[in-house]
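Each of the next two complexes has chain A plus one other chain: chain B in the first, chain C in the second.
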Partner chain A sequence: MYEEIFKDYPLPEELKKEIVEELERRKVDKKTAKKIIEKCYEVYMKNLMEPGEAAGIVAAQSIGEPGTQMTMRTFHYAGVAEINVTLGLPRLIEILDVRKNPSTPMMTIRLLPEYAKDREKAREVANRIEATTVNDVADIATDLRNMRIIVTPDPKALEKKDLKFADVLKKVEKSVKEEVFEEDGKIIIQIKEPSYKKLMDTFDKVRKLVIAGIKEIKRVIIRKEGDEYVLYTEGSNLKKVMKVKGVDFTRTITNNIYEIYEVLGIEAARNAVINEALATLEEQGLEVDVRHIMLVADAMTADGELKQIGRHGVAGEKQSILARAAFEMTVNNLLEASVRGEVDKLNGITENIIVGQPIKLGTGDVELVLKLGGSK
Partner chain B sequence: MKKLFPFEYTRFEKARIIGARALQIAMGAPVLIETDKTDPLEIAKEEFERGVIPITVKRRRSAFVWLQRYDLF
Partner chain C sequence: MKFKLQDHILVPKHELLSKEEAEELLKILGVRKEDLPKIRADDPIAKEIGAKPGDIVRIIRESKTAGRSVVYRLVI
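Let's look at the complex of A and B:
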């Protein structure tokens, strides 16, 4: 019922929601509501940033200053069941450089309601995801005299992982290009060439061969949080995990931002950048207002793809030669530009500072004109 | 001025106006108020407060974009 009042006082959606919530809670009548909304609007307008403000530089300083107080340590994150996660400055660098393979990928997988309350079902899903190699379920030995590899599956281990002998045989046959046959419960791989190297290579390949689960997921840990079971994994493959039966794909997250970009799109990637950066800073005990990080995330994702802050991304794509040369590879940039006959239009900040002209920020952005009409 | 956001001069515009006026006074322009002050900057500030400076700001319409408020522009 307060909707019509908002027509005269346009405010952002989030703010409107909060105000309406509070007004409804206190059951305010329309006249008082109008006065309240008017006051909110006034305060909101007074708090807006002025055009011309150097928002980018303020954001960079606001993130950079606490950055100097971050430690370079990469701790053992003893909190969440022995999984190592990169923290602090190295993690922030990973986020801003858009590293496609972060050093400690980790996923938090939540399950559908029927699976979340049952420990057995949770374990089932975990087994389906965790990468099981031949090494985990069988004993592998080389038979040098006959030039072959003998794989002895352990029935107990097979049962624990819910696998059958036939599955193992099929997987081995598919990946090894040598002769494979079964001999009283064991899988024999016969190497035809008399090459010791071939034998050892095949041995290594078979040992690491993934029979079940998703290749990238090295370890899965089940923890009970509140009244549901949650899976934490070491290793990340968002696309495949989301398709696994039992996984609630609306509540599954990963810390590999590039994967989120590939699977869920650019807006999701933007949110992931903001959340991860905020979490990294908060974990170190530093408080940075979210809008500075939002500005950085927007600069990285504005073109529809995830660009890094660096010479292969945002900084390297500037139009001005002087700005690029001032950033990292000075001589290369100047040389390339002169060979191509590029022209620097001196529109940005860095190049105008270098050349010594006023910049288009703050007072330099003001255009003065004569006010005719005389004084009062 | 009241129709465009920001409704008053931003602090950059204010600084620029007072600065330009102070430069003019320092170079010998006639002063538009009665005052005992001798510092050009002080005189310019007082002129600004009294609203007699004949300089104003030309705002580019595209510079202050606020998506929902087309009635203001």
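Let's look at the complex of A and C:
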């Protein structure tokens, strides 16, 4: 019933909802409601950021100050299963630097309803995801005299992983260039050349050969969360996991932001940056307003590609030479700019501080123009 | 199995603007096309909605502060 009043007062949706809730609880009549909403709108307008405010500086300080209190402690067994996750300052740096390979990639995989309720079914999906190497299901020995590698699959281990002897044989045959044959329940790999190095190379290759699952996923842990089973993994490969049968891809996420950018696009990457940064700060007991992190995420994603904060990204692409030189690699920047004959127009803040001029911020942003010969 | 990337929880809703809508939008915002944030034409979601360079995409985000916020990106 209050909807139409809001037409004249364009408040954000979240705020609207809150106001309506409160009004309905108190059963306010329309006339008073209008007055209340008007007052709310007034306060809202007063609290808006003014044009020309240094929002970036405020964000930098708001993240930087609590950041000094973060611990350097890298590893920590997070509440989630027994998976090691990088936390604290190292993780925050990782997020802002957009590392392509974070030190502890991890995925949270949710399952489709028909798989999520049953532990056995969840195990089935986990088997499809977890990388199983030959070493996991078989004994591997070298026979130096005959230049052979003997692989003896363990039936129990095979059954646990839901694999067959033939699967192992097929995979080995496919990836090893040497002669492969079966001999009473064993797989024999005959090295043609009498070369010790070749034997050892093949041995290593066979040991690490992935027979089932996804290479990058080293471990899968099944945990019950509420009434559904959720898989947590060590290692991450969003693209492949998404396509695995039984995985609810819409709710499957990874902590590797660059992977999200590649698979789900720039907007998803922006959300991932916000979520990860906020979670890292919150885990350390630091309260930083989302708005600051949102601003950082916006700056990182504004050009349509995920850019890091730093000399290879946002800071390195600044227009002004002096601003770049003030950040990192001063000499290199100045030298390169002079070689190219670049000109600094002194439009920004940093460069004007360097040369000692008033900056274009706050009161400095306004210029007065006097009209001569006007009315007296 | 075919699925839509747009269904993922991290992906907000993307809509392609028509020529008329785009023109009107630029008039309301009072900016040039190039002043908008960008989205690459080879972005997975841009591909999914069939956006071509020069188009404008409307993105409806679930914002933590405003509840729902609308932003625009220029396809490059």
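Assume the second predicted complex is superposed on the first by the 347 of 376 C-alpha atoms of A that agree within 3 Å, B and C clash if a C-alpha of one lies under 4 Å from a C-alpha of the other, contacts with A are read in each partner's own complex, and residues count from 1 in each chain.
Quick note on the criterion: a residue touches a chain if its C-beta (ideal position, glycine included) is under 8 Å from a C-beta of that chain, and two chains touch if they have at least 3 such contacts.
Note that this is a predicted model, so its numbers are computed, not measured.
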{"item": "Touching partner for A:P51 - first (chain B), second (chain C), both, neither", "value": "first"}
{"item": "Partner chain in contact with A:L370 - chain B first, chain C second, else both or neither", "value": "first"}
{"item": "Partner chain in contact with A:A279 - chain B first, chain C second, else both or neither", "value": "neither"}
{"item": "Chain B versus chain C as contact partner of A:A302, first or second or both or neither", "value": "second"}
{"item": "Touched partner set for A:E14, first chain B, second chain C, both or neither", "value": "second"}
{"item": "Contacts of A:G362 with chain B and chain C, given as first, second, both or neither", "value": "first"}
{"item": "Which of chain B and chain C A:I83 touches, first, second, both or neither", "value": "neither"}
{"item": "Of chain B and chain C, the chain that contacts the larger number of chain A residues", "value": "C"}
{"item": "Residues of chain C touching chain A in the complex", "value": "1, 3, 5, 7-12, 14, 37-40, 43-46, 59, 61, 63-69, 73, 76"}
{"item": "Touching residues on chain A, where the partner in the complex is chain B", "value": "10, 45, 48, 50-52, 362-363, 365-372, 374-376"}
{"item": "Residue ranges of chain A touching chain C (in the complex, touch as defined)", "value": "12-17, 242-243, 245, 249-251, 253, 260, 262-268, 271-272, 274-275, 290-291, 294, 298, 301-305"}
{"item": "List of chain B residues in touch with chain A within their complex", "value": "5-7, 10-13, 15-17, 19-20, 32, 51-60, 63-64, 68-69"}
